[in-house]
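What follows is a structure written as structure tokens; I'll ask about it next.
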Amino acid sequence: MSTRTIEVGLRTPTVDPSGAVRLEPLGVQLPPHTPVQDDLGGEHMLVNIGPQHPATHGVLRLVVELDGETVVRVVPHIGYLHSGFEKLGEYRFYNQIIPLTDRTDYLSPMANNVCLALAAEKLMGIEITERCTVLRVIACEISRIISHLVWLGTTGIDLGAFTPFLWLFQQRERLYDLQEAWTGARLTTSLTRVGGLMADIPDGFEAGLLDFCRTFPKTLDEVDSMFTRNAIWCGRTQGVGVISGPDAINYSLSGPMLRASGVDYDVRKDRPYLGYETYDFDVPVGEHGDIYDRYRVRLEEMYQSNRILVQALDRLARLKGAPINVSDPRVILPPKHRAMSDMEAMIFHFKQVMEGVKAPVGEAYFGVENPKGELGYYFVSDGTAKPVRWRIRPPSFINLACLPKLCEGVLLSDVIAINASIDIVMGEIDR
Amino acid sequence: MGLSLPVGDAGTEVSTMSPNWVTTRLDFLANWARSNSLWPMPFGTACCAIEFMATAASRFDLARFGMERMSYSPRQADVLICAGRLPFKLAPVIRRIWDQMPQPKWSISMGACASSGGIFDTYAMVQGIDTIIPVDVYVPGCPPRPEGLIYGINLLQKKIKGESLLDADLRQEHLVGPDGLFQPARHIDEVSEPFGNSVHQTRSS
Amino acid sequence: MSGADDGPVSPSVAGLRARFAGAVRRAVVSCGDTVVYLEPTRAHEVLAWLRDDPSQQFDYLMDITAVEYRDEERPLEVVWQLRSLSRRQDLRLKTELAKDAPLEVDSVYDLWKGADWLEREVFDMFGITFRGHPDLRRILMWETYGEGFPLRKSFPLRGHFNRAEQTRQALAANPEAHYSLEELSIAAAYAELPPEMAQRLARGQRGEVA
């Protein structure tokens, strides 16, 4: 992506410091510290956005200092959804933490479940079965798609386009049907367990997912035709909210935010997990680091996720009847009929439910490529069944911290667009 | 913050007018209009907000109930739907938004966290928004299915249809009291006590 | 399944030991991750070297957090997770802060801008001060939160105060805090304020015009 696909010929009048009137092309970022002529001689104005506001994607509060229409400074205030997840994790067995993870990044719950199970398995030194690996890949990629669908729909609304929201949410409903058939819940899935999954996929899941994968690219093509060459969309997103590659690295950005700035870093490729190195997929990398590139990266990621899903379904067919859980009875609950009839199985069941699965003394960090960025769970264990410390490394929290930098010198409506482009979810930011 | 409750007789006001055919017809008209054109104020915080958005989207479609016009300004809203958990940091915000809504107004507490604190019995979480604002309908679920939310909305509509113009209590503003609380302190502590399995949750090892 | 025999030690440990012999206390491997314990006073120096030295190039700050153990005798630990994008290496560095001394460590904001909010969160949850941080305020709780530091083990899960008191304090908080130009510019100039004024602002009180 080295050249723009469309030239936008819209111009806006501005006054340069010498007082002459100039026509600035829309979407061009003024270099920071460009002195903006304060012709009215008034003081700066403060606008408070949030915490309750349709366009802040959750309970985020932005205090914006304005010089006319131009932003001088943005101060984000967070914590309006702080629930005490990390504290609560210290009072829960590892399997009991899994439902908590649904509620952090609630747009991609299965991906968080998978990350937690992987972190706990790394801590405990457990190797999962092959079928479980493939099913977890399917879970992660479904989560990536549903998260990006929300992002695209709500960003469209923020920038004035309502219809794609309805189209994309209809696609989400199809995936929600599959999620519900598999886990019993549309949103709070709690899919994984340490050492395996809560359940195998039901009948009809594979056919349903295959059907989805066949028809989903058509919806993406429709949305692509709505946005990618749209003059309004390009004018509002090209050149806005730019961050360079080195800056993005220094701000610890991850996910599409980082890749749109030209840094080719994807956890699935650079430190692969769940066998991602064996799947054939591309990672879209942007160039300009603006909102438009982030949009293109996320759109392309959905196509690629679709590709991975088809490959995963293929493997699943060859692993028919394989176990999804490890056979270690100290970690995985025995089947119910055995727990009811066999003394040893009953004791294992009892110990797991009443005492939890004890992790060895040690610590482990596991990072996965979540739709928002790199999600990491860091466990510190003292040998008991409840972690001493459960740290969530939240991608949206770290990505949002660069908002003041991205909003230097933009217009007020660009703040909304830039905030939308970071793809935040407050549950993860505030935990 | 806010005004205090008027000191004095806070008992039921007895209407001087008795219900008759005119008032019942007026009631029917007003209630029918109000219940079928509720403009929601989506106070969406967490996961329930996503299910709320799904309810408003094509498959479940709140527009059938006249509720597709989301009013993010409380001044123009009828029903505040608190969709999601409410931490203490957000408590003064929802209180202020509730106070800013003009009468007639109703509120729906969507989800387990808004109704009772849900799974978050922690230092940061309000254990039910009814300790902060008055609630008309509680929709349980974590998150409630869109059908569940629609059922809750239908219950609210039924409640509205049972209202009467002669009942002056209905449109009474219930403000934060002079002690800085909406409910009596004893009541807040009592409803916030852990129960059931969560009695044991505070053991850390 | 844990402890020192959990996999190969990161090659950076040798370089660290060679260059900062006094600053490196010990290095362990846990579940395949290398953890290096540093002297608190020299942590910043070591992290700067890890970022800038061409053989290390840990240009990406993954995370900053803190750990408190259930065993009261053990000190608090501040944890830095670093990554080298080009060399595909991870490294975890820790420093131990004794509980009977002031909990302070140098900020790495000057090395990685991503440390900004991460350090504010550690301050908010544990009460650890990061010297040199430009704006060390609470980030998740409100600025005048009076119950303490939530992730400390001495802090109970449901908080110190009872629910009615927590509700009262919450409703008494000002939702419009930090919504004036004076407060914004004060936040920017926080380091230069006279100490009484800084303390008064920290308690959330507005000043008086003399």
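Observations, loosely collected:
A, B and C label the chains in the order they appear, each numbered from 1.
Rule of thumb we're sticking to: contacts are C-beta pairs under 8 Å (C-beta built on N, C-alpha and C of every residue); 3 or more make two chains touch, one makes a residue touch a chain.
Fair warning: this is a prediction, and the values are worked out from it, not measured in the lab.
A simple rule picks the central chain: find each chain's mean C-alpha point, then take the one closest to the mean of all protein C-alpha atoms, which gives A. With respect to chain C, maximal separation of chain centres occurs for B (centres as means of Cα atoms). If you average the CA atoms of chain B and of chain C, the two centres end up 39 Å from each other.
For this pair, chain A with chain B, the centres built from the Cα atoms lie 31 Å apart. Distance between chain A and chain C, defined via averaged C-alpha coordinates, is recorded as 25 Å. Along chain A, residues 79, 82, 84, 87-88, 91, 430 each make contact with two or more other chains. In chain C, the residues that touch at least two other chains are 70, 141-142, 150, 155, 157.
Each of the following residues of chain B touches two or more other chains: 89, 93, 122-124, 201-202, 204-205.
Of all the residues in chain A, the ones that touch chain C in their complex are 43-44, 46, 48, 63, 65, 73, 75, 77-79, 82, 84, 86-88, 91, 122-125, 247, 249-253, 263, 265, 270-271, 360-365, 367, 374, 376, 378, 380, 382, 388-389, 391, 393, 397-398, 400-402, 405, 430-431.
The touching residues of chain A, when paired with chain B in their complex, are 51-54, 58-59, 79-84, 87-88, 90-92, 99-100, 102-103, 106-107, 150, 165-166, 169-170, 172-173, 176, 186-188, 384-386, 426-427, 430.
Remark: chain C residues 1-3, 6, 30-33, 35, 59-63, 65, 67-71, 79, 81, 85, 88, 90, 92, 112-118, 121, 125, 138-142, 150-151, 155, 157, 176, 178-181, 184, 187 touch chain A in the complex.
On chain C, the positions that touch chain B within their shared complex are 70, 141-142, 147, 150, 153, 155-159, 162-175.
Within the complex formed with chain A, the chain B residues making contact are 42-47, 49-51, 53-54, 57-59, 70, 72, 84-85, 87, 89-90, 93-94, 97, 119-120, 122-125, 142-143, 145, 201-205.
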